[in-house]
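Below is one structure; the comments refer to it alone.
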């Protein structure tokens, strides 16, 4: 069963069409990759799926419910989380606090205003658990901006995990990482995919082909191919439009 | 890093120096008379404030030259009201608490004066408000310790209004500055129309701070009946702008303008070309009254570089206010508040550079004095004396134009 | 009816002046993302320079030179102070220009004194003129013409010159300018100077109508704000249309309820905000949301 | 040892200083000034929730301060003459107004937010200035009293005197600072600070950021109303001028000078320095606006982090400074990909 489905989604910026007639289904429990050249409209699609943009046309259905036009926070609470291509974490506070904020949102404790944050034991314990899980417990008190790039990437994903998503959208989780680190992130994705559905935007074909169950190819705002890694590799149109001679 | 350290060090030293300079306790011994001068040197009325401070300075220096009062020199402590009542109240508190002034004077803006007098009354310190005209200062907001040196709106309007009805016409249109001073001016004007059987053709309420009067002037131009008099209660900067535009739209040629009050600096700003209409004047430096010439000469000697070369009404009121306040202390023989108030109440003085003596009315503390009716001179009439903008065409005695006790039923606080 | 038309006309004429004033304000806001509180003070400086210059050089040269001097003042301000706050918390730009506005106003008090002044309009446009039902001031017609010429010139500059294209790009996205590889630093300095001289020229034009006072800048700053909020940041036509709306609201409310003439523009602003939060002509930008 | 640690805590130092200050101030005079410092400190610390923690640069907070003063007077004149009721009424009224304006404001940020707050404060200024049957117009709303405090009808404590009013304001200052301190260190505070750093990220955590910004506006409005009411009682009057935009820089300067962007207690220091400086300079020279203006420029150029920020005081556990960063680091990558 498809956990997420789009029907004829279209988004324009001025005269430019970023997404046109996008019809995709994301299978529950699988890892789906979205690939395509720069400017193909991948991030725009993410922005639409998570409610940051409202599509000009079309609908987004999640678990059979029409969520088109919902505000971001509401969609997130429904179980869709997201990590960003450009690092999007809270830089000025300790690593622990980043995760704690996410757990706090998940437990809906944000409006408590007279009790110190340190008194919310369930939040703090859960945050430490997550830190342990993603292997950042050792740096939990470091101000985030002093983390290494790879750690920041992991933290970015860790924050997304804290909201216990059913569906996790990751925007280029390996971008800018050296190959050793890429491996680490790749394994990490594999590991968490056992618990949730994952959609990744990825450029590194090596990563894409090894982790994906399904691949969606975007080109100039349209879906030009969709299928298993083998099918995509064999697809002439994709070869021509995007993959070139890489594979 | 070193640069930063220097900056902070500099700041710290400056701060400490300021505190040391400023926060030294006032000398305990009563060796001087401290007069708090509280008037605007910034904001809308900055120039009027400067003018009244010149008058106050003259009075204080003249008295000090004669040995001061009660054997002590008078020292002025000047604070800026910023033409902002909240700031004025704060500065008044400062003068009372920290400088421990014996009395205060100044004002210009009625709203500042009301705020100051509220503070002064609570602290039981005499406050002379100079150059305010709102009826509220000696009406709704009258206080035992509060005296008003200049004439009230009521006095001004009852001087100019009947004259206009008699000599110009009965059909009036009002231009009202849309705040309490303006509205109270027009309200008194309406009384006059009622009393003398005139008709009102309408009213334009002009928001304070209006720079552009074109729409109002166009409206007047298109009135179905042409008004005999356009009666304006507009003041300050806005009046300068209005005179400018009345001239620009050529309305000065075919309409008669009346003004509740004309402050000399406003006309000085726009120049003789655009000076128009009939108006009430508090005092004028060309009055043919005893002492005026000498006063003008003293002013010119003392302030050779003043932006306005002759003393005008604000300066006059400042001078008279400061002089009478200090004289009263001399008469009372003390700096205590209540004896001075008693020495002031009902007191009459005739060296006031006006035609008739001025009386300080005991029940509302209004200075009852002559109010003059002026007419703007044509530019060619200014040839010999470029400062002589007005022609004084008449005057009213104070008691004829001031509110009666029935019209102004105030009850001052008991003596303390 | 005659009055209605007269007021309509008057509103449009005023609107043009507000447009010129707001355009400079908006360009600085758009390109630098700085709310220039000093815009009013620059307006006042324009008028005061003209006051001094016209005594020596006559009206026309004053009209020409005074805005240039104000432009130079703008350049100096930008170069010494304002450029240090770009890309920082918008609060800093706000406060910085706020402080500059105060200081400049006080400088005017120190140099020219606290009393008001009047600038004489040139003889050939002094006095009123009657055109049919409309009895109007010659100077204002002259001013309207001048404003129109100015607006056209700015429009041509924005549309037809490469610099204009960059400024327009900067208005919506300063990163884009960087991407174009142009010298953003110099561009900003120039735009600041240009915006300042627009304020200066508005001051010179307004001087003979409104008379001069040190506080004159503070009084005209607010209409510029409202024009920009109504018209929308980053749009030439937004500034023009916003200016006209504010001008009309001032003159037309005199017909209906004069007390409202000042409040009216704020009400219009509130309505525009309700219906179209980014202003009538404004484009969606990163500045909001 | 614990006691020593408590005693070195800035909160304790502030409370202690204000507690004993009258001993010195009574000698030289200037109690009103000291009271004013405390009132502005309440205002500034509350305002800093919005500015320093949520990162919303309001340049029109005089609106709430001035309105609070008016409400205090109006309640005294027309409803019940009492100190508590007028103060609580001002707080409630201002938070309601903040809530209503928040519907427009909370969707904005950065410079657009600032523009709108300026416009709203002007709107309120005109209303306050022109509606003189209610507000007293330019003359202000006079005759605001300090009624004796009555506690359950048992005691009557007069606060009309300078010293008694000082300690009344002091008690409120202490309470306000404690409450605000708690808010800042609560989950709510942590979310507000998260919004300042990265609003988009906060949204993607599932926070309804609009609602939080709205709440932050209400909190700051509430404390501004409280300060306004206290100020009205100090001055015995309420005036329109504090609402005017030309006065709106004051509270921002206090926050900035003290280092409010990096330190919770910065605004208290800022209020003290600002008010003392204004008082001194305006007495020394007629042209004090020049110095005030230049001082602002100087501070922005050389001390943008304020005094505490510069001295790096109290930035151990929670580093709050983000002024070097670009204002909206959010989604710039996403957006650039969105414009193919």
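In order of appearance the chains are A, B, C and D, and numbering begins at 1 in each one.
Going forward, a residue touches a chain if its C-beta (ideal position, glycine included) is under 8 Å from a C-beta of that chain, and two chains touch if they have at least 3 such contacts.
All values reported here derive from a predicted model rather than from experimental measurement.
Visitor: From the Cα centroids, identify the chain that ends up most central relative to all protein Cα atoms.
Guide: D
Visitor: Going by average Cα coordinates, which chain is farthest removed from subunit C?
Guide: So the farthest one, by centre of C-alpha atoms, is A.
Visitor: From the C-alpha centre of subunit A to that of subunit C, how far is it in Å?
Guide: Centres of subunit A and subunit C (C-alpha means) sit 47 Å apart.
Visitor: Please work out the Cα centroid separation of subunit B and subunit D, and write it as a whole number of Å.
Guide: The computed centroid separation for subunit B versus subunit D comes out at 36 Å.
Visitor: Using mean C-alpha positions as chain centres, tell me how far subunit A is from subunit B in Å, no decimals.
Guide: 72
Visitor: Residue numbers in subunit A touching 2 or more other chains?
Guide: As it turns out, subunit A has no residue touching two or more other chains.
Visitor: Would you pick out the residues of subunit D that each touch at least 2 other chains?
Guide: In subunit D, the residues touching two or more other chains are 126, 130, 289, 332.
Visitor: Could you pull out the residues of subunit C that touch at least 2 other chains?
Guide: Only 106, 109, 259, 262-263 qualify.
Visitor: Taking the top-of-page definition of touch, could you list the pairs of chains it picks out?
Guide: A-D, B-C, B-D, C-D
Visitor: Can you tell me which positions in subunit A touch subunit D when the two form their complex?
Guide: For subunit A paired with subunit D, touching residues are 13, 16, 18, 38-44, 46-47, 50, 52-53, 71-74, 76-77, 81-82, 84-86, 88-93, 97, 100-102, 104-106, 109-117, 120, 123, 143, 159-160, 162-163, 171, 220-221.
Visitor: Quick one: which bits of subunit C touch subunit D in the complex? Just the residue numbers, please.
Guide: Answer in residue numbers: 29, 33-35, 81, 84-85, 87-96, 98-107, 109-110, 175, 218, 222, 225-226, 228-229, 233, 259, 262-263, 266, 269-270, 273-274, 277, 286-289.
Visitor: Looking at the complex, which residues from subunit C come into contact with subunit B?
Guide: 2-3, 6-7, 10-11, 14, 106, 109, 113-118, 120-121, 126-128, 135-137, 139-140, 206, 208-216, 219-220, 250-251, 254-255, 258-259, 261-263
Visitor: Hey, which residues of subunit D end up touching subunit C in the complex?
Guide: For subunit D paired with subunit C, touching residues are 51, 55, 57, 59, 104, 107-112, 114-116, 118-119, 122-123, 126-127, 130, 245-246, 249, 252-253, 256, 261, 287, 289-290, 292-297, 300-301, 304, 323-324, 326-328, 332, 335.
Visitor: Residues of subunit D touching subunit B in their complex?
Guide: Its residues touching subunit B are 27-33, 36, 126, 129-130, 132, 136-140, 142-143, 162, 235-237, 239, 241-242, 247, 273, 276-277, 279-284, 286, 288-289, 302-303, 307, 310-311.
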